[in-house]
Structure formats: C-alpha cells, structure tokens
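Order of writing sets the labels: A, B, C and D. Residues in every chain begin at 1.
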Amino acid sequence: MIIVMKNGASAEEIEEVVKHIKIWGAQAHVDRGEVQTVIGIIGDKAEILRKPWTSFAGVEKALEVSDPFKKASRKFHPSDTTIDIEGVKIGGGHTCVIAGPCSVDTEEYVVTTAKAVKAAGAKMLRGGAFKPRTSPYTFQGSGEDGLKILQTAKQETGLPIVTEVMSIDQIDLVYKYADAIQIGARNAQNFNLLKAVGKMNKPVILKNGVATTAKEHLMSAEYVMSEGLNDVILCLRGTRSYETAFRNALDVALIPYLQELSHLPVIVDSSHSTGARAYVSSVAYAGMAAGADGLILEVHPNPCEALSDGEQALLPRDFDFLMKKLDGLKAWSQKEWNRFDKAAK
Amino acid sequence: MIIVMKNGASAEEIEEVVKHIKIWGAQAHVDRGEVQTVIGIIGDKAEILRKPWTSFAGVEKALEVSDPFKKASRKFHPSDTTIDIEGVKIGGGHTCVIAGPCSVDTEEYVVTTAKAVKAAGAKMLRGGAFKPRTSPYTFQGSGEDGLKILQTAKQETGLPIVTEVMSIDQIDLVYKYADAIQIGARNAQNFNLLKAVGKMNKPVILKNGVATTAKEHLMSAEYVMSEGLNDVILCLRGTRSYETAFRNALDVALIPYLQELSHLPVIVDSSHSTGARAYVSSVAYAGMAAGADGLILEVHPNPCEALSDGEQALLPRDFDFLMKKLDGLKAWSQKEWNRFDKAAK
Amino acid sequence: MIIVMKNGASAEEIEEVVKHIKIWGAQAHVDRGEVQTVIGIIGDKAEILRKPWTSFAGVEKALEVSDPFKKASRKFHPSDTTIDIEGVKIGGGHTCVIAGPCSVDTEEYVVTTAKAVKAAGAKMLRGGAFKPRTSPYTFQGSGEDGLKILQTAKQETGLPIVTEVMSIDQIDLVYKYADAIQIGARNAQNFNLLKAVGKMNKPVILKNGVATTAKEHLMSAEYVMSEGLNDVILCLRGTRSYETAFRNALDVALIPYLQELSHLPVIVDSSHSTGARAYVSSVAYAGMAAGADGLILEVHPNPCEALSDGEQALLPRDFDFLMKKLDGLKAWSQKEWNRFDKAAK
Amino acid sequence: MIIVMKNGASAEEIEEVVKHIKIWGAQAHVDRGEVQTVIGIIGDKAEILRKPWTSFAGVEKALEVSDPFKKASRKFHPSDTTIDIEGVKIGGGHTCVIAGPCSVDTEEYVVTTAKAVKAAGAKMLRGGAFKPRTSPYTFQGSGEDGLKILQTAKQETGLPIVTEVMSIDQIDLVYKYADAIQIGARNAQNFNLLKAVGKMNKPVILKNGVATTAKEHLMSAEYVMSEGLNDVILCLRGTRSYETAFRNALDVALIPYLQELSHLPVIVDSSHSTGARAYVSSVAYAGMAAGADGLILEVHPNPCEALSDGEQALLPRDFDFLMKKLDGLKAWSQKEWNRFDKAAK
C-alpha cells in the first residue's frame, strides 16, 4: 500500500503516519518528492491495509498495490483447481454444462427436462427449490418437495444436482439432496452465508453479485475458502447496467481475467445475463469461445407455464441445438495465449 | 399490464395469449391497431403479472402499468406513517438524527460518542456489533460483547439503540438489545432475512441495496411488511456508480420520490454514500434540505483508531457543527409543493 | 405509444389528452379499466410520440410501443446491408478485420504495421490522424501529415484506409484520404457531425457512445442515414461501467441483438473495450464467435513508443496469432438460430 | 506517478522502465520491496504520465498520484473565480439563477417567460436555438430566428442570454447574440468544440458529459481553459444510471467536491437531472442548500405545447414558488466547514 501525502503536508503529519505503520506491525518507506511525499507500506497484513489512512491529517489518498485475496489467488496457487462433483469434473481443462429448470415445479416437467438435457450432453442438473424473488407475492419455491423431485430426476438420469441455498437455516435440508450448492447474486455478499457454506464439504457455485466487480467476486470466494472449502466455481451472470435490452450486462473479458487472477473454474450463466431466450444461446456460445470452463442454463419443456423466469428458458430442442453447435467450437485458451506471449519475448 | 404483440402476429397467437389471461383469472382487452395489436390485462393479481408473457409466440414485449408493491404504497395508505422507537418519533413531520460509531469497539469510545452526539442533538445511537466486510480478513464485529456496550451507552444516555442484524440466526440475540434493527445494503435483497424481521415486532431501518432502484427498495420493504410489520424506515445510502470520487452516488431526488410513492419515513446515510468525512456533512445537510425525515451518521472520537470505516467518521465536534447548522435550515416539503400544485390548477 | 392515466384521473383530463392526440394528427383509443384508464395512440409520426405527455394533468406515464428508428431498422429493410469499401465487403455474410495503429506516428511504423496486418489477413488499415484525448496536454494527432502517411501505407499494401473525423471542419481534409470514416465514442451523439457525414458519400463506422444503449446507438445511425447515406457500420467498443478491471464493458449479447433490430453490419473493437493487450484477443475471438461481422483492432510494432493507447495495442505477432486462431472458428449465426426456431414451431 | 512491478520482475525489466523515465525527461526513484518493486516518477510533465507504462515487460500497474488538470485546479489558483456576465456575477460568493424555455419557440412564449422569471428573481435567460435531440425526426431548433427572439426578450427584460452552441460552424452566429455559451452533455467531450470556444471571449457554461466523472468534467474545462479562456462555469446535470425513476442521477456531493478541487463556479441543472417537473424544484433547492453557486432551470408557460422537454419544464408560478422558498434558505458552505476543520486541529 502506498500513502500519498498532500502538497505541503508537514513533517509532523508524515511522522504520525510512519509511527502508526510501525505500531500496526509493518515497515514504512518514505519518499520525499519535490511536490508530494509518498510513503510505502512494506508488509501485507490485511488489517494494516484496511486502516483508515485518509483519516490522518495531511494524507491525500491511499493506493492499494496488492490484491486482498489469497486462497482464491493464482499467485499462491498457480495450477488450476479441478473440481469433482460425483465424478463430473470441471476446471483444469474439463468443461461442464449444467442445465435444468429455473424453479422446480412438477415431477413430470423436471424429469422430462433432466432426460432431455442429459441426452443433449448436459452433465449436471440444476433447479431451484428455494427462490429469491423481488416480489413477496410471487412463487417462493417448493421447498423440500422440490428437493425430492430433483432427487427423483437424479435417480432417473444419474445427473448430479445443483440447487440454491438462500439462508443458513436451509443448509441442513439442502445438503441432504444437493451435490453442489449454488449461491445466488443477491446473496453473493451475504457474508454469513458464505462462511457457513465454507464450513460444509460440498462444492459451491458462486454467482457474482448484482453489481460486484471481478475482485469483489473473488473476495466472496475468499470468504468461502477462508473457512476451509477449496471447491468454489465462479459463475458469471452479468451485472446491472443502464442498457435496457437485457436483464444484465455480461462482459466476456471477465472470463480470461478471472482465470488469470484465480485458479478456480469460471462458468457462464447466460440465462440470467440476457434474460431472453433469443439470446441465451449466442452468449453461451461466445462464453465458451472465450474459454469458459462451463455453462449453467435454464431449460424448460413449457416456458409459458414455468413458475419463474420462463422468458429466459430454452426449450429442450433449443438446448440440443446449442450443444450440437458447441461440438464444433474451438475455444480460446488464455493459457495458450500466455504461453505464446512468454515464448515470444 | 399491457402485452404488445409483434407486427404481423397471427390471430392464433393473439388468441393463445387471451386464453391464458383468462385461465390465470384475469380479463383481456384486445386492441387491434393498424400495425400492432395491444392486449390489456385487467385484474391485478401479482402472479398473473409475473407470467413469462414474452415466452408466448408473437409477443414483442410486456409493459407493466402498475407498481408491484401494495403495503408500502401511498396509494393504499395515503397518510404518513409515524414510527415510535422508545418515545423517539420519526416520519409524519417528525425528524430524527441517529449517530454513533460504525463498529462497536471499546466501551469508553462508545459511551463518549453517545454522550457527545446526545449533547449535540442526536435522538438515537447507532453502532454495529456484527459487521458485513468485503474481506474475511478484516474485523468482523464484536458480537454480544458489542451489544452489551451499546446497552451501557443507552443506560448512560437514554438514547435508544439501532444495530444491524446480518442473518436469521443473529435475530434472537440482537433483539434482546436493540430498539430498532438495521438491514444493510448487502442484505437488502436477502429475502429470507427480510421476512424473518417482518415477523418480529421492532422497527426496521432498511437500506437500499448496493445497486437497487427506488422501486426495488420499496419491494424489499414490501417483503418485511408482507409478514405483518408496518414500522419500516427507508434509508438511502447511495448506489454503485462509475464515479470514483465517492464510495457511492446518492441522488437526493429519491427523497421526495420515495415520499410520494410511499408513506414510510425516508432517512439519509451520507457516511456510506460519500465514504469521506469531508463531504458527509454537506450531503447530510442537502438531504435534510430536500425534506428527508432524518439522518443516520457515523461519529467516532478517534477515527484513526476506528475498527472500520474511520475515513468516513465525523468527529464529535464535526457532528456538533452540522447539528447547529441544521438548526437554521428551512427544509423543502414535497407535500407543501403538492398542495401548491393542486391549488394552482 | 400508450398513455397511462393516474388512478382517478377525471373525464376532463382524459378528454384533454384525447383532444391533443387528434390535434397532433393521430387517433386515440381509450380503454377505461377498473382502476386506470389507458389511451393508445394510433399513428406513428415521430413528432407526436415526443410530445410531453406527462405534462398533461392526470397522466401517470407514457410508454413507447414502437422503436423510433426507421432507416436503420430491419422492420423496414429486412435483408442485410452489405457495404463495399474499395472492393472489401462487410455485412451480409462477409466478415472483415480492420487493424492498425491507434495514432499515426512515423511512416516507418505505419507502413511496417500495414504490411504485417495485411500478411496476417487484415483487409483494411486503421489509424488516427486526429485524436480525441481526455487531456489537452497529450498528443492530439498528426493532422494532414498523418493522413499522408496513411496514404503511403495504402499505396504500399493496397489496404483501404479507415480514419476518424472529429469535427465538421475536418471533413474536407479527411475525405481526401479516407476510404471509410470513423466516428468515435465521444462524438457518437454529436448530432451535427452525424448529419454532416450523412451528407457525404463514404461509409461510416459508427462507435457506440461512452454510455449509450443499443437503441441510442441505432438512433445515432439513424441521424447519419436520415441524410441519405446507407453505408453505416455499427461498432461496439464497450460502455462505461463500475467494473475497474477494464476500460469499458462490452456485452456480446449486443451483437445478435443489433443484428436482429437492424440490417447494418456490426463489428467489435476490443482494443477500446478491454484497454489491455492481454484481453484484446480473447474478446475479439468471442465477438466473432458471437457472430460479429468484423473486428477493428489496434496493432503497433512497438507499443511502448506508441503515441497513444500503447497499453492496448497488439504486437504484429499477437495479431497474427489471433488471425490464425480465427481461421478455425465456427461462428454463431443468429440467423441460423432464427431459422431453426421458426422451423421448430 | 507510481509504477508497480510484477512479483518477480527481473532486474532488466526494472532497468528498462527506469531508462525510459529518464529518456522522457523525468527522474526515477526505485523502491525494492520484499515482494514487489515500486518505481516513483518524479517530474510531472503530462506527456510522461500518459506513456503506456503497462506495455513494458514486468509492469503490473501504473498509479496516478496527481491530477491531470492545472488551470482548472485550485492548487494552482487558490481563490474563487468570479465570472461577470453583462454585470451579473457568479462564483466567489455570488449566486445566480438562470431560467427560460428549453427550446426557443414563439416570441410570445419566450418574452412572457423572460418577464416572469425576471419578476421571480432570475438574473439570466436561457433558451436553445440549436437542440441536440436523440432522434433526427424531432424538432432540431429554430436557428437564427430563435436567437433573434432571445435578443428581443433581452431587450424587453435586460436579462443576459445563455444559449447552446453545438458545433464549431455555429460559433460565429451564436456569439453575435449570446452573452454566455452553453456546452451540452453530449458535447462535453467534443474536444474540438471545447478548444474552439476556449479561443473566444465569452463565458462558457460547461455541462458534465452523459457519463463523465468529476475529474473528466474538470478535464473538459481544462480543454477550454488551455486555449486562454478563464470564464468557465461547471454545470451538473446528472449522469446516466440504472435507476429508472429519473432521467439522470445527480449526486449533490459533487458540488462541494468540485468546489474544493477547482476555483470555478458550480451550478445545478435539475431540469435535466430529474427530467420530471415534480422533482425539479426539490433537487434545485437541495443543490443550493449544498452550496451550489447557482441554478439553470427550464421554465415554460405552457409545457404541453413546448417543442422539447416539456415534461421537465416548471410553470412560471412553480419557479416563483421555488425562488420564494430559496429566499429563506441558509446554504451549506464547504469553505466555512474547511475553516472550522482547520481551526479545530
């Protein structure tokens, strides 16, 4: 961290900052420029970096030099993490497409969907039994009944199950049925929930928050990992924008960026980013082209009757169309690029 | 709700939409224009409005006509809600300034702060015992010890206490000590938590989410109120922006806007919107000038030692300066404007 | 357009709106609901749609039903526009990669770059002789000297030239040298300039504005086209976001979206969207995968010496790497998807 | 400027950066930390700061320490600038309210408005003869006829005139009639136009761009001032946001912030920020409460007939209501706060 003092900061003000850097256990390196003095803090204890440096007299600003995440960082864990969910692998070169209804509704619909997405090539089944909805007057999820329906679908197809947990008190119940746990955008900074799932032993698919940055997404992963769990999958579902054409804006540049900063797998949820069936597949395809480790998509045999988000659900035949198209795709590999770049120097 | 059909939608497509409107319990009014057909849905059951209309063949878009909140809406509750917190009133013409440290640290600091803000005119004490922090490696709050310190400060000053609850499992503990409950920005769409505090009987100060709109803020209030609690205070703490000068952007136009849409009191948190001590007071002042029902501000006697957010804490003397300045302020009243506007017609 | 009246709007207020719809040359269709009255405006003269409907007493809101662009719209021009720039085709199934330095600096650099990008497969050369820079103290472009250097590069390679025009008074000069004209993000809503280039007879590459929506981007194209020019290429260079990892955020969903709304070609500028060499190629690749009609990229043989934006320039060898990779790419086609979707119904 | 090298950057990489700092005329100060090396650039020539530092091998990031604006900065011009427009003063303790129609339409409307706003206390008249409109099919302004109407209104009332110039070729014409020139949001980064008005000798009211930051706003002022003109008034009209309640979001914290960074006057345009008559006055009032140096507002005697933006126009009686209310307002003064803050230390 670098502390930039104001023009004309006094010797006493500089001394006060230096004194506190030492009190708080780090070293200070003072650089007296012609116009402004700059103080480097050597030593990276997180607590020191978070001190209210701009509260000190004479300080103009404090600039962070290093990233605040450790366990999620590739710096401290250079090789890719491969996650195994009931034999299905993701990350480290393994890609995985997850598909299923937004909400669990009837057993018939869910089993039909599970069979269809399996036939098309999906390796896991998604479906929500607890639903975060903006309005309290809309369908809030089917609870344990829904989880049982997912279990049936798993028995019929062999597909492992991903389902969302919305609060700590749902953990016991959801973990009885789920093979991997989804944390949704609205809970992406529900830090108590993150810590709670970090204490459990099932892989977590962690969506970015409604308006989080890539580094905040990684900090949320760090919350989970700081409790001991290493199996975190980063899921991009877009962030809020002033563009009205789509539900959210998803910048595919985040895929290679997160893959460089972190060793964790990165998947794309283009159902929630676009919010519109007509564009779900094109963005999914572009995401895989950009090198994503997988997809998570909503599929429903009868979207008009879906209990939530029907407007963004693919029909089974649409999903099949996408999967076939993906067959012929040669994806970008940021690693290949990095190797090329290094070799060329 | 209005369904706009595509250019050249077929009679069958129109019929299918109309049929479903009826199946789902409402009436349809079809308006065949020269270019496009428009179908009005008469009947306002929330479930119908949430159906995936754009999944139907031939539908171009679905436009909402009415707002989805009811209990929070002034349409259904025209007169202002006045909330009483241990004798301190807010809303319906009563203004209230709440102040105190961001995090509860030592008893000495908290009691000193409580006495100082009371002397300056604050009517309630704020302080966090549980803290949502972006990094798992920073101070996470002092828990029940912190709540006891707040209790001591209340005994010494008589100021009722506002403190944050971050998850359902903290409710029992926090409600033993708090007089009003704060829901923070990162939990503003933690719908399970909203419902849980809505079942309790203490007033809730509900911050807007990191990137919510005014209507989403009201929908979060609706979640609390749908469980039976009426005492909700809307708190504006700014939303995420590309402007880097401040932590968040706070548009004061939201104050009269929310007061027109809703009967609930609206207060301003300029500590979190600006994130910088130098601007906390100017925005607080402007917020009250715009007609806010109150303020919630962070005050700390030694910000350099504060365990969190010291850079945005006012010193007790700063807070006193602001309160004296507020004494002479003649605030805008949107009601007075509305009366003028109506009379002039 | 649909006018939604307030709850309890009076018969006189409704009558006043209807009267004005007629005065202004359209027909009104009044729909008296149980709660709210809705008035449809039949007739789509742009001027009528822009009237200040919410200024009328009793009006709650005015909802637009149809899009305000005509010449740029696929509704009125169903087949793709193919643009021919000195024999190089773009749109309607023809893809085109444009590359070159951000700013024109020395003849040696520009000619070297031109030869290199041609060898790798680029079909046009880009380079700025006039530069919009946020600071008046940075390099502002080389003017006519720069245009002559581009001409030399064209003579040496045969590549047609794309260069930016920043103001009306530069038009005469720039049109002497350029084969296609670029309008930059900061001028995307400089409507006088748009009309001026619309009166000329060279193709225009029109970037989206710093924070425009897709429909505003099309409205800017409409400005150009309303003056008679049909050859407009829409260029996506990302929009401003709170994400700090990149210079701008580019949502690839905009590619199929614009292609559906409009018949104009859509290209991607991932140099300006990412602002960082390490990610330019991955986003370019994903853009082409999403079905873009082309790319416009910055390439410089010595980015450390580039007069502007060196941090986002590809080296010639990087560009070659990308072009080889693109060779094997099977792109998404939104048209193919639409045909599949129609056939399946 | 500070260059942060990557973990494990080689000695050669560090040397290469240092070498270029010297070649480009500044001094380097190398700070070898345990983990990362940091290089300070001493000397503040703008060109050096803009070099593509991250293009150098081994560089992780480049952090700016000082602001890139000079003439607009209070650092180099500590005392307030007071601008005199035909005897009307603004800045340095002088406040000024500017009002008038959005577009100039009929002489009768404009003169009526001018008389009404003068009677209510406005000191200048605004009105657009050239209009930037998102659609080419809406009213584009009345041109010189409009300017003559403004001249008539000036003759009748004595109010100096503010009107917008949209492109360089309008300058001669507009400067014949205007007393101060407005640069609109869509031209806020039209750098050629900024330089052109900077060469003229009339005060400029410079709006922030559609999505510019405060510092970018100051950089636009710097463009004008770099050509020699000192009389620039910063005008806040809000920036684009995902909030749908208003046309733009205006954070009043920008008022004291800009006043601290710059010596230029800061005024508020709440007509364009809110976009809705019902909230124009409350935000104008809050802006003045936050210490703004003035207002610029749209007033029209018959908004339903206004040629543009009628929905945000105040009626003359509304404007009178606001002005009377402003009479009793004791505004915040950031200077008073700064004096208090300094004295207390």
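The working rule: contacts are C-beta pairs under 8 Å (C-beta built on N, C-alpha and C of every residue); 3 or more make two chains touch, one makes a residue touch a chain.
Remember, it's a predicted structure, so these values are computed and weren't measured experimentally.
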item: Pair of chains joined by more contacts [C-beta pairs], B-C or A-B; value: A-B
item: Distance-maximising chain from chain D - centres being C-alpha averages; value: A
item: Interchain centroid distance [CA atoms averaged], chain A/chain C, Å; value: 31
item: Distance between the centres, which are taken as Cα means, of chain B and chain A, whole angstrom; value: 27
item: Interchain centroid distance [CA atoms averaged], chain B/chain C, Å; value: 38
item: Per-residue multi-chain contacts in chain B, two or more chains; value: 211, 239-242
item: Residue numbers on chain B that touch chain C, as the complex places them; value: 2, 4, 7, 29, 31, 33-36, 38, 40, 42, 44, 57, 63, 65-66, 75, 240-242, 345
item: Residue ranges of chain D in contact with chain B within the complex; value: 211, 213-215, 238-239, 241-246, 249-257, 260, 270, 273-274, 278-279, 281-283, 285-287, 289-291, 315, 317-318, 321, 325, 328-330, 332, 334, 337, 340-341, 344
item: Chain B-touching residues of chain A, taken from the complex the two chains share; value: 20, 46-47, 50-56, 68, 132-140, 166-170, 186-187, 189-193, 195, 209-212, 216, 219, 222-223, 226, 239-240, 276-277, 303-304, 306, 308-311, 313
